Structures are given as structure tokens and as C-alpha cells.
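Notes follow once the structure below has been shown.
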Amino acid sequence: MPKKPPKPKLPGLLKGMGVTFNEMTQTIWPGEGAKRFMQPPSPAKGAATVQYPHEKETPPTRARGVIALKEDNCTVCMLCARSCPDWCIYIEGHKEKAPPRRPGGKERTVSALDRFDIDYALCMYCGICVEVCPFEALFWSPEFEYSEPRIADLLHDKERLGEWMETVPDFEAYEAGSSAKVKKVPR
Amino acid sequence: MTALTERQQLAYANAQAADGRVNLEFETDEGMTLNMGPQHPATHGTLRIVVKLDGEEVISCEPVMGYMHRGYEKLTEVRTYPQVTTLINRIDWLGSFANEVPFILAAEKLMDIEAPPRAQWIRTVLFELSRIANISLFVGDMALHIGAISAAFYAFRDREYVLNQIEAATGGRFHPNFDRIGGLKDDLPKGWIADTKASMEKIRDFCDEMETLVEGNEIFQARTRGIGVIPADVALAYGMTGANLRASGVDWDLRRDQPVGLAWNECDWNVVTHPDGDSFARFWVRLQEIRESTKIVDQLLDGLPAGPIMAKVPRIIKVPEGEAWVATENPLGEMGYYVVSKGDLGPFRVKIRTASFNNVAVIPWVTRGVYVPDVVTILASLYFILGDIDR
Amino acid sequence: MEETPEAPEVDEARQAVIDKLTEELGEAVVGSHIRPGDDVWVRVTAESWRTAGLVVRDHLSFRAFEYLSAIDWLPNPYGKNEDAPTDPRPEPNTDIVTGYAGGDTRFQVIARVQSYTSKLGLNLKVDLPDDDLSLATWLPVYAGVNWHEREVHEMFGITFTGHPYLQNLYLPGEFEGHPLRKDFPLLARFVKPWPGIVDVEPMPASDDEAEAETEEAAE
Amino acid sequence: MSAPIFGIELSYWQETVLRSVGILAAVLLPAGTFVYLFLFKMVSFMQSRLGPMEAGPFGSMQLLAEVGKFLQKEDIVPERADRKLFKLAPYLVVATVLLVYLAVPFGPQMTFVTNFDGGIFYVLAVSSISALGVLLAGWASANKYSLIGGLRAAGQLIAYELPMVLAVIGVVIQAGTLNMSGIVSAQANGAIFGFDGLGNPYFFTQIIGFCIFMIAVQAELGQTPFDMPIAESELVTGYITEYSGLRFLLFFIGEFASAGAFAAVAATLFLGGWAVPAAWADLDSAIFNLLGPIIMLTKMMILGGLIFFVRFTFPRFREDQLQKLAWTVLIPISLANILATTILKVAF
């Protein structure tokens, strides 16, 4: 059955003030115990906030910041454009001749990319395209500082997506007990 | 006449229609109609409450919704299963991983697939993490509505640790999109369990702090005890669920009473109820529930089984024909999906039963004859989210 | 389609619910389906909808109300708008195939109630003929049904007789049409062409060589 | 009062100009330090953040930035508002604060107006005009939230006038004079049961009066736990919802300047004002014209800190609880306090 909340001995009002006072001293002199008061007050270390333009917080490696495209892996199979819920990937390609794999082999026809735009104004960062790509051409990178004054500039073309490629971090190792194997990012 | 394009005129007429429909000034001779309008600090989002006041006492009030209706049930008709998963974690965007789980479980029930144990345990851990993130914001938010500004900042600060853990594992803080039919998209990164345990420690300190700062405060108790009392049978008739129901004394928790295929029965935790059914009881029950959730997360992380993260599932998923209903105990209450599938790529019809829709329906009943500040207290204690109501 | 539970083990708790209902309502119970150990569906006639609610609440201890909604069984005539604008529109099939517990009309109202004592859930379905889409309101049975019925009214066009304030819940006042009906077009998908249409233009080589290329590339 | 200060002979009009500039400085400087120290920095540290850091070193120029922002903001008067009253209200509130500072002594000769006898009586009378300004703002901005905020303010400010006055009567009885400087010197020279090392600040003997006075001050300022008139989560911002630009800035200044004013009055009545106990230093020397304001400022900072500490910790009362607290709790206690003080005054 529910236990009644314990009757506060000291009136609750004063204990409440104790909490905020404690938080204030914790921010000004962060640390444990009485010796923290000896050090000089350093609120910058005690506060939980980050002064953004001067200090930057690094997002975790799996953060979905922006999609990077490795162009030569892409075979214009259009799977990503077809499975995108927001219809925000626009792809155009053409077929062309490619040198045979083995010397003396037959010329191969390969489809090459003309246009691969992702409209980040529409994209909801769900990650279906990265997951569904069978040829490992799309990767997530935790970059997030690409806001634009004009919304039209949020349409990143093929080169821009290629530039994001080097900001893609390697995949992390998995927790103990997981049987998944770590994938490699084709550099 | 400015060269308004035809589309602008259409938009303007539509806006007028939207306002015209709801500009129901009660033709009252005595009371004053006050619009706690779609843009108001007390409504979590765009809920509009048209209150008829006599001085400061509420005679009657009519919640008006629809300002945030995104038409999810219509959108699910034209989308495939993975696309619907990304859609539905935007319904209750505070506890968003918890939205995906019932839909995925319903699809798995139709396909008779069982996620491997490791996936089930990690699903339960992430479910409880999103509950903690959601309800700890409630604790700060309720204190804010009653006037204590600092409590809200502590809530936001300590909630960040949990959101960072969710982002480290799934990639998204609010929209993880991590659940797949048959398991999870990926496994946990190295060192995640240790960090999560540390964040659980911080959340427990947060609970103690809130207990002294807010719950022990006589003014807070004076403002919430006995305000907005909802007896058990009214709660049942309105279909209220979750902490609002348990605060009215009904001992019902889907995690224990209707096990769905997640790992809640693997660890011992208890369901917290409170007999009073007033705003204080709802606050008190939710504060204890955060502690229970931290206990669950710790126990599950200790005994996490090894193994695969994803069952054998074809790459292109066609769910066989049939209908399935799965409901889980979401942070706001019971959230359920009634999935009707006709065997093609996407569901044929998805009925989304959200907790706040029923929890908010009780407002006209419970705010009869209360003062204006109490309307805000009751709204804060019912803790709804507009995405839940408007879908 | 009537799917008898092929598993020999009959879920007696849910079977008892159905038997109690048929005993109370007589032949008003026109269809039922059990998925053993999971869920139970019962379909009643439209006239007995209110009495079925009262029986379920009082005699069968289903005191908690979950939701009330409707299903439009007509297959989506527009498809997913994911077909190329050039090729002809696929001819929409209009055969109504309803789900569990049968039923033959296009619109079906479904309600779910929960019992906290017997820990069972029950789905109640009712068929509504196309010409008169009206049903008795459940407001005296469950107070929480008020908004659900208003939503079903504005989304499907089903009127609930006896409901005091059947106004639109989400949509503005002068909104014509009922969005959740399958024949209501999803305009967002008509306006914008689908970017997923494959338009990789073939090789500019001479024609016969091109045919050879395309077959070879096709397999 | 044209006694030569520091030996400079000033004509009358020069003195009034000096005095009015002095008053503005005495009002705005403490208000500015209150805003920076408490509203920007103390509350941020309490909420484990740093507060403004961009404008000036450690965000010290933030207040100037805010003033600049408000000045260039568009000054909207709602269409159906009562224009004249709408424009008048903020000036009324700021005027009362300036008037209160007239009577507060900051040093032996450092009083802005003649050292008149009804000092504390005048202060209490003038401080109740701001209730009028608030009601005016609430009524004139033709906005339902402002109307409710204004009516709540009227009820609250008047309800808490009474305990404040009664608490002050306790002090006046003990000091034996209404004159603020007299109260200060009484505290400096007095002695508690013969020990006069610390003088006799009425903080110790009038502890009940002090508590009631501080609670009443919290209510007069409309600070949490009594900020029903500007209840952000219910009435958007109560009676100042429709104000923007310069008028909102005036309300903002009015709010913090009156916090400074009441802190100054409380310091004078309970903590011995500008004087240190007589035993420590000779109070009549001219040096105190300089030291006085500094001592007064530190005492105001202590009391201001208390006011804002309470503001950022407590939730807010409901309207009727607030009134019940004033009428059924504070007033009886303050009456009992007066009774006890008179009995003790007669006995000793």
C-alpha cells in the first residue's frame, strides 16, 4: 500500500532552500567535501552547460548528423530514393561503358551518377536510406553545423555529400556479449 | 487589392475557417470566456481550453484540439513497415522509443516471429530509459507550472545524461528509430552499460533532490493536495491509464499484468499506487516510478544475455494477413496499436490508441468549479503531450 | 473469413466470454474469432450495439474503456502514388475482404474494452451498411467514448445517434469529406512526382547495339 | 538644507540638480547590481548554468544590452486599450520607487530631502501608490489575462500593506521616533541588556517583526511565492502582458528598484541602516557621509539576496491561500508582536 511521504522534520521550505543553496555552491566550487571551498571558485567547470561557440560538445560516434555519400560505390539502384518516407532524395544517372574487369574481358555497361541530391530541409534523419543501401555508399556522420540562411541551400549535391565522407567516424566496437561484427567504412 | 495569389487567399480563408469554427465565445450573460489558447504556457503544445469563468472560478471548460493533427492514421495507409516506424516515434516525442515498441510487437505477432532474448532485454532497457527521460521532465515541468523555476532546470540537466545514453546507442536523442521487426537495428557500443549505470545514479540523486525541493515543500503540497481528485471509477470510465490511473488507487500496470514479449518479468520491481487520486498523488506516483525504472535498468543491464541482436527476417518484409492488438505501458499511459494487415508491404489500417487522448478527456469533468490556477495544476498533473492527443 | 482456431487447445477463458455474450444477447452475436492465448473478437448487430456495451461492462466486468474506432475495408484506389506518371494507372480492385469475425460491409466500427479483474481484452465489432452509417452512442455506457465518437464521425462520416455534441474534433468547421475513408485522396502525394521512379537513360549507342546492351544489362 | 557639504557653497538650484542626480544614481545603481548579481548570476549558479557570459567580461554589460534591446523594441499599444491610462501606468510605478528613496538616510547628512520627522510614515504611505499603477496597467491593456493579473495584484498588494505597517509599528515603538535617522541612531546607540558592543539592531529584538516585514515585502514586490499577478504559467505575464519596449523596461526597472527600496527600508529598520554600532566608531564624523552608503549597500545586498533566494526556490501560492495567509496569520502575529513590544518597552 502507498507509504505516506515522511513528515519533513525541518519545515520543507527551509530544506528546499538548502537544496538550491547546495546547488549554487556546487556550481561555484565543484567537487566533493569541504576542501572544494579551498580551491578558487570555478563556475565554468561546475556548470552543466557548454558555452557553445567557444567550447563544443562532441556528439557520440553514432549520432545521425548528416548523410555522407561514397560516390563510386553507388550503382544508381534507386533503393534509397524509393524507400525514403519524405521523398527527399533525387537521383539521376546514365549508363556508360566501363573497362572490363579482367584484361581481354567484355566491356561492361555500368550506370553512373549524374545527380544525387538530398534535401535536408525535408529529411527527417530516420536513416532508412543508409540502412537499405546494398552497396555501402551512404554513411552517417555526426556533423551538425551545416545550417544555412537560405533554405534552398540545404539541398546538398553529390560533391557536398562526398565532402562529408571524411567526417564519417569508424564504427565503434560492440559491447561484450554481442555477436554482431564491426563493419568497416570504405575510406 | 494586393496581388494575393490564389493560394494565399485559399490559405487565408482556411485559417479564418479554422478560427471561425472554434471561436465559440460562449454566449453567456454572466461569466467571462477565457481562451487558454493554443499558444499558452500551461498546455504542453497546442491544446486550447476555452474556459467559462465566473470571477476566478471555472464554470465549465471545453478543450479544443486539432491544431497539431498530422493525420498519422491516413499516412500509415501509404507507407511500408520501416517507414511507419519512423513515423510513429513522433507521436509521443518525449518518450519516443516507447512508441515504436508496441507497433513492432504487433507486426511480430502477426508474423509469429520472436526477437532473440538479447534484443528483448535491450528493448526493455531503452524503453525504461525513454520512460525516465519522459517522466523526469514531468517532475520539473509540474514544479514549473506551480511556480518553482529552479526545479525545471534540474530536470532538464539530469535528463540530458539519459538522452546522451539513448543517442550513443541509437543515434537519435528524440527519434531513435532503432526498433526493427525481429530485433534491433544495431547492438550496444562498447562501454555503454557502464555509462548508463552512472546516469542511473545521477537520476536517483535527481529524485532525492526533487523530493526535498518540490514534494516536501508545504506550498507545493498546499497547491496540489486535494486538487483535481479523480475517483477510480471515473478514471476507468474515461479509460485513463498509466500513472493517472495508479494515482487513483487502481493497481494496474501493463508491464506486470499483460506481459508482451519484453523482459519486465525478468527483474523484480513493484507497481506504485496512491489512494488519493489528487494532483499530489499523480506527482508522487510518477516520482516513485522513476526510481522503479532505474532499478529495472540496473537489474537488466547486469543480466544482459549474449547472442544475436536480430532474428532471421527476410530483407523485404511482407506481414501475413490478419489483425493484431498490442499495448504497452508507455511513460504517459497505455499506448496500443491495432494493426490490420492484408499481406503487402505496408499495413492496411493502423489504429493508434494513445494514452493522453483518454487522459485529457477527463478535463471538462475534473475542472468544474476550480480556480484558474488549479486548472493549470490539474493540466500539469495529468501530464499529456499534444502529439499524443492530435496524432 | 471464418478461421476456426486450429490449435486443439481451446482458450477457455475467452471462449467463456463469447458464450456469456451469446447467452445474453442471443443471436445478436453474429460472428466471433479467438486467437488462443491472445485476443478475442466478437461481432454484434448494429441494433444491439448499446445493449452489448452494457452487458460487457456490467456482466462481464470489462469496466475499462480502451478505444472506439472504425475500419474502411475498401482497398486503396490510388495505390501508393509510387507509379511512374507515364505508364497507365493500375485498375483499382474494389472487392471488400473483411478481417477477423467476418462482416461484409465496407465500414466496420470496432471498440476495445479491458477488464482489470480477469486481465482480458475484448474487441467488439459491428457492421454498418453503406446507406445508413449510424450507430447508437456508447456515451451512457463509457463516459470516455465522447471524443472517440466525434473523431470517428469526422473521419469516417458515421453518425452516432444520441451524441450531444457531435462536432468536428480535429478538422476545421467547413472541412468537406471524411479523410480516413480510403477513397479520400492523400493530396501531398499527388502534388509532387515520386523521386523514386528509375530514370536512368539508356546508352546513346546505335539502336541494335542498344537492344543487345539493355537485355544484357537487364539479366 | 544648504549646509556646505565638503566646504563647497552651492546655490539652491545646483543642490536640487545634484540631489535629483543623486537620487537617480541611488535608485538605478542598486537596481542594476540587484539585476546582475541576483537575476543573472545567482539564479544561474543555483540552476548549474553560467548565466549571461557574452556581453562584457562575465556578462557584466548584459544589463546595458537588455536596456538597449528594450529601447529599440517596437512600442505596441493594443488597439482597444485605454491609451492614456496604458501609457501612464509604468510611470506611476517607477515614481513611487523614486519617492521612497527620498526619505531613506544614507549617511549623517546624506538624506535626499530634509531630515523630516514622519520618515517611515511617509515611506509606507508612498509605497502603496504602486498598487494603483499595477491596477491601472491591468485594466488599461484590454487583455483578459492582464485584467485577472491586475485584480489579483490589487487584492494582494493591499492585503500585505497591513502586516507591513504593523511590523514597522513594532520597530517605531522600540525606537520611540518616526524619524528614520532617529531609528538608525537608536539602533546604533542602544544596548541589549547592557551589552552595547553590538548596538541594538532591531533584527534581534524584533525578529518576528523582521520576518513579517520580509514576507510582506516579498508580497509587495510580487515575487514568488507571491507572484500571482505575474504568474507566468497561468496568466502569461499578468498585468505586463501587453507591454513592450520602453514601457516594459520601466516596469522591469520599477520591479527591481522597488526591491532595492524595500531592501533599503528593511536595512534601515532592522539592520541599523547606514551606521555601524556606536561603540565601534564616532558616527557624526564626516567620513560617514562616504562610508554610510557603502555600509547601506552591503546590508541591502544581504537582504536582496534573501529576497531573490526565496524567489527562485519556492512555488507560488494560490490566490485565496495568499489572502488567507495575510489576514489570518500575519496580521494577528504582528498585533501580538506590537503588544509584546509595548509591554517590554514600558517594563524597561
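As written, the chain order gives the labels A, B, C and D, with residue 1 at the start of each chain.
Please note the rule applied: a residue touches a chain if its C-beta (ideal position, glycine included) is under 8 Å from a C-beta of that chain, and two chains touch if they have at least 3 such contacts.
Not measured: the values here are computed from a predicted model.
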Contact-richer chain pair (by C-beta pairs counted) among A-C and B-D: B-D
Chain centre separation in whole Å, for subunit D relative to subunit C (CA means): 66
Mean-CA-position distance for subunit C and subunit A (Å): 38
For subunit B paired with subunit D, centre-to-centre distance based on mean C-alpha positions, whole Å: 45
Rounded Å distance between subunit A and subunit B, as computed from the means of their C-alpha atoms: 25
Subunit B residues counted as touching two or more neighbouring chains: 148, 150, 154, 157, 213-214, 217, 219-220
Subunit A, residues touching no fewer than two other chains: 13, 16, 19-20, 23, 48, 83
Chain-to-chain touches, reported pairwise for every pair that qualifies: A-B, A-C, A-D, B-C, B-D
Of subunit B, residues touching subunit C in the complex: 14, 17-18, 20-22, 65-66, 69, 71, 73-75, 77-78, 109, 233-234, 236-241, 250, 252, 257-258, 321-325, 327, 334, 336, 338, 340, 342, 346, 348-349, 351, 353, 357-358, 361-362, 365, 390
Touch list for subunit A against partner subunit B, complex: 1-2, 5, 8, 11-13, 15-16, 18-20, 23, 48, 59-64, 83, 85, 124-128, 131-132, 140, 172-180
Contact set on subunit C toward subunit B in their complex: 38-39, 41, 63-67, 69, 71-72, 75-76, 80-81, 97, 99-100, 110, 112, 116, 119, 121, 123, 142-144, 146-148, 155, 168-175, 179-180, 182, 184, 186, 189
List of subunit D residues in touch with subunit A within their complex: 42, 44-50, 53, 309-310, 312-314
Subunit A-touching residues of subunit B, taken from the complex the two chains share: 79-80, 82-83, 86-87, 118, 148, 150, 154, 157, 160, 164, 167-172, 175, 177, 185-193, 209, 211-221, 272-275, 284, 304-309
